[in-house]
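Think of it as A, B, C and D in the order they're written, each chain with its own count starting at 1.
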């Protein structure tokens, strides 16, 4: 009897690209809030989501340095457990509820890509980098203080797609505005039968559930981000027309499920 | 209306990690046939496949240098269209029909990984390399001639998993023994609901269909391959106990579908 | 007594990043000839070289898929022996002799980078890709025939720097125009002493020597190339103002030395 | 007049793989002290260094997550400025002075490789990873506390070469025992002339100078490390026979020079 949560199923159940939850995450995030043309944001929404009438065109871009673990200290294997992630979240409504929708997301780790697909995140591989802080910064690193600057970039397929800069202004005592919207994802798996390429066997909107979510060292400030067009990519269609807040924080949470989006 | 064959679905349908077929492939392959313990091979078979009573334990390991294209000259973008692949095929029976089963497969390109998952190939990311031939070989490359030697290796997650060596002996006028078995795959997509991790929403055996398959420059000879154990991998459980033939050839085919395995 | 040709010197002499010559190379090359503004080309010339009065501004850009070997069948270890290379050659004069000068060159292999530095090639790391041909091309690969098209690209530090396209027109019976100029390199090693950063301990123009050079399957045709500016790069300062010939061929040679450039 | 500290020299002086000092560094380090057979350690020493009679065979292995900057906020470009490094330091004597010697070192960034060569560090490319801490650790990251565990690994050329584990026991109020020895390096640049491969043009022992060195969050504890043999590598010849201390800290310093080793 083969074992495993994802492929490859195997005799001992160790070879699967993603083992069954719980999935624990800890990381640092640099984010930039911006507005794109409302019609550009709305064009990315799947059936079942509608524009947020109050904030249509609002997008948050996020760069994460992540460390993953299951329940068996997988963080001790940093090759497989660490990765970098970039994604954008578009404001939307789910039956009147303000939510976020993730049209594009990139990671540099195939295990994270597989977990993402199962959660409904449409992950592709990309190279993602952000400036880090260290306990002994010297002249090579910013500190968490007013005026500190952070750079971030993302490329995929050898094309630069996004570059960002955040300058810290003050600690953010209440980060709830950054965390208030649930993220709605699309679990999707296509058919491979002639004439049925557009009739996926799995096509379900789900609500991403982050348990035990904690944040620390939350700072807000100024942000800017630039997208670069490339063949095979549509991220740059969300070109910013106005910048909002920049921010940086540390975050952790656990995933065990998604729920039907209703 | 969002477009695309796979995620991410998008307004223009260009961002998807894998666009709809046809999928055209051309490549060079180095292969090693070997026998493992029959019970090791049989332990990898999914429900629906049974051991081949005549050849149980026979495995073929394959290293491919691939170039992909759709119908729009995608081979002109070598960053996305080229990749390297390693996989093993285990002899099995499908209701009495001799077939192949692919328990483990590794690629270095996320687009190939996505197409593989849709076909039911359980792809993970890996680094795969094989010795190449050139029209002007000098002293740095073998030629397609008796005694020519080829090396190949595969690693994943920074661990070396497989190393092979093939020495050519003679052209193979009839390569059909290498191509006679259909490959049976498992299309699979899990649920992400507590208590239902072992109840996938997609779990279907399919027959891989290679259209317009052509081969060229087929040589057979001696082969050897070694697997190395690693945490999170089970390939080495298929450790060879006896080597069979080594071979090298060029191959092309087109994929537009899989069919129900019956 | 430590052994080795380059660092790291070691007890057994096996750990060095580049072992002593002979260095054998075989590869496929896609090239594009173009003209940039003469002053842009001339600005890259080191002391000792002067503009070629007949062809100032002429540049050849080259994408190579290489396989390396020493005298011990190192091509059987494709991980270390294969690499991809991009460089530009600028027409110049050495005391009246028409020569080539290589201002910028990128590879994806540290052993190749080390050999390059010793030869005087100013190598940096980059990702380099070109369309390949296969003996069984199907619809995923061009053949060596009139109208065949090849794409190529290069990026470094996650920034796309160069994209090229070559369309074959006819076999080139006499490739000597492509090979007639010797390449002049600058061997260079700086001091790391305050006040002496601009007083290198090694600064010598040398002539690159390619022994036993052979070419095969030489085709000429149309070429185009585009450079993209990026922080930390000056390749795009050689922006093409007029295209020349495109070409593709296979090449092999051996390196055992450089000679004083005089 | 061409500009630049290292190759490529260029018209604007921006393209060089390493610009002139100052070079500022900040990072996190996981270290394991161990003893190998004295003769194995002594075999790595260059002419000019002798075994330390009190500690011959003592080695410290270090895994660094680094961020680099020059004087122009280069840390805002994390693609180029961040890298990971592994190296071993062997106890030795320089004319009776206790010093460290670095026989083997690996990084994943070509700019760091180039700066290393200029300093006399014999860098090769490798993939290096270590467990990280985050301000919001959750269940995916250790904290700096008793019993916290860290994993680390290094591979080069797709071969795993070193794996380590450190468990924290207590803060280390006086880290000077870890920092007391100067590191002696060998600046080296070979000739490429037949018959003179063993007569380098640069061959000089130098003392590495770390200015403004600061450490923070220094913890000591238990450590273990394993080396794996591979073709083309000699690190495993330093196989541990006894483990010493494990430790973790943050560190920053600046480099502007090396000094003659005397």
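Following the convention adopted for this analysis, a contact is a pair of C-beta atoms (placed from the backbone, for glycine too) under 8 Å apart; a residue touches a chain by one contact, two chains touch by 3 or more.
If you want to know which protein each chain is, UniProt gives these names: A, B, C, D = Acetoacetate decarboxylase.
As the structure is a computational prediction, the values presented were derived from the model and not from experiment.
Superposition of chain A (Acetoacetate decarboxylase) on chain B (Acetoacetate decarboxylase) using C-alpha atoms only gives a rotation of 180 degrees, nearest 5. When the interfaces B-D and B-C are ranked by C-beta pairs in contact, the top one is B-C.
Of all residue numbers used at the contact between chain A (Acetoacetate decarboxylase) and chain D (Acetoacetate decarboxylase), over half are used by both chains, marking a mostly same-residue interface. Note on chain placement: the centre of chain B (Acetoacetate decarboxylase) and the centre of chain C (Acetoacetate decarboxylase) lie 34 Å apart, centres being C-alpha means. Distance from the chain B (Acetoacetate decarboxylase) centre to the chain D (Acetoacetate decarboxylase) centre is 39 Å, each centre being the mean of its Cα atoms. In chain D (Acetoacetate decarboxylase), the residues touching two or more other chains are 77, 79, 127, 129, 153, 158. Taken chain by chain, the contacts link every pair, so each chain touches all the others. Across the interface of their complex, chain B (Acetoacetate decarboxylase) is touched by residues 127, 129, 153, 155, 158-160 of chain D (Acetoacetate decarboxylase).
Listed in rising order, the residues of chain D (Acetoacetate decarboxylase) touching chain C (Acetoacetate decarboxylase) in the complex are 1-2, 5-12, 14-15, 17, 20-21, 43-44, 46-47, 77, 79-80, 103-105, 110, 113, 117-119, 122-125, 157-158, 186-190, 192-194, 197-198, 201-202, 206, 231-235, 237, 256-258. Against chain D (Acetoacetate decarboxylase), in their complex, chain A (Acetoacetate decarboxylase) makes its touches with residues 22, 24-28, 65, 67-69, 71, 73, 75-79, 81-82, 127, 129-132, 134-142, 149-153, 165, 212, 214-217, 249-254.
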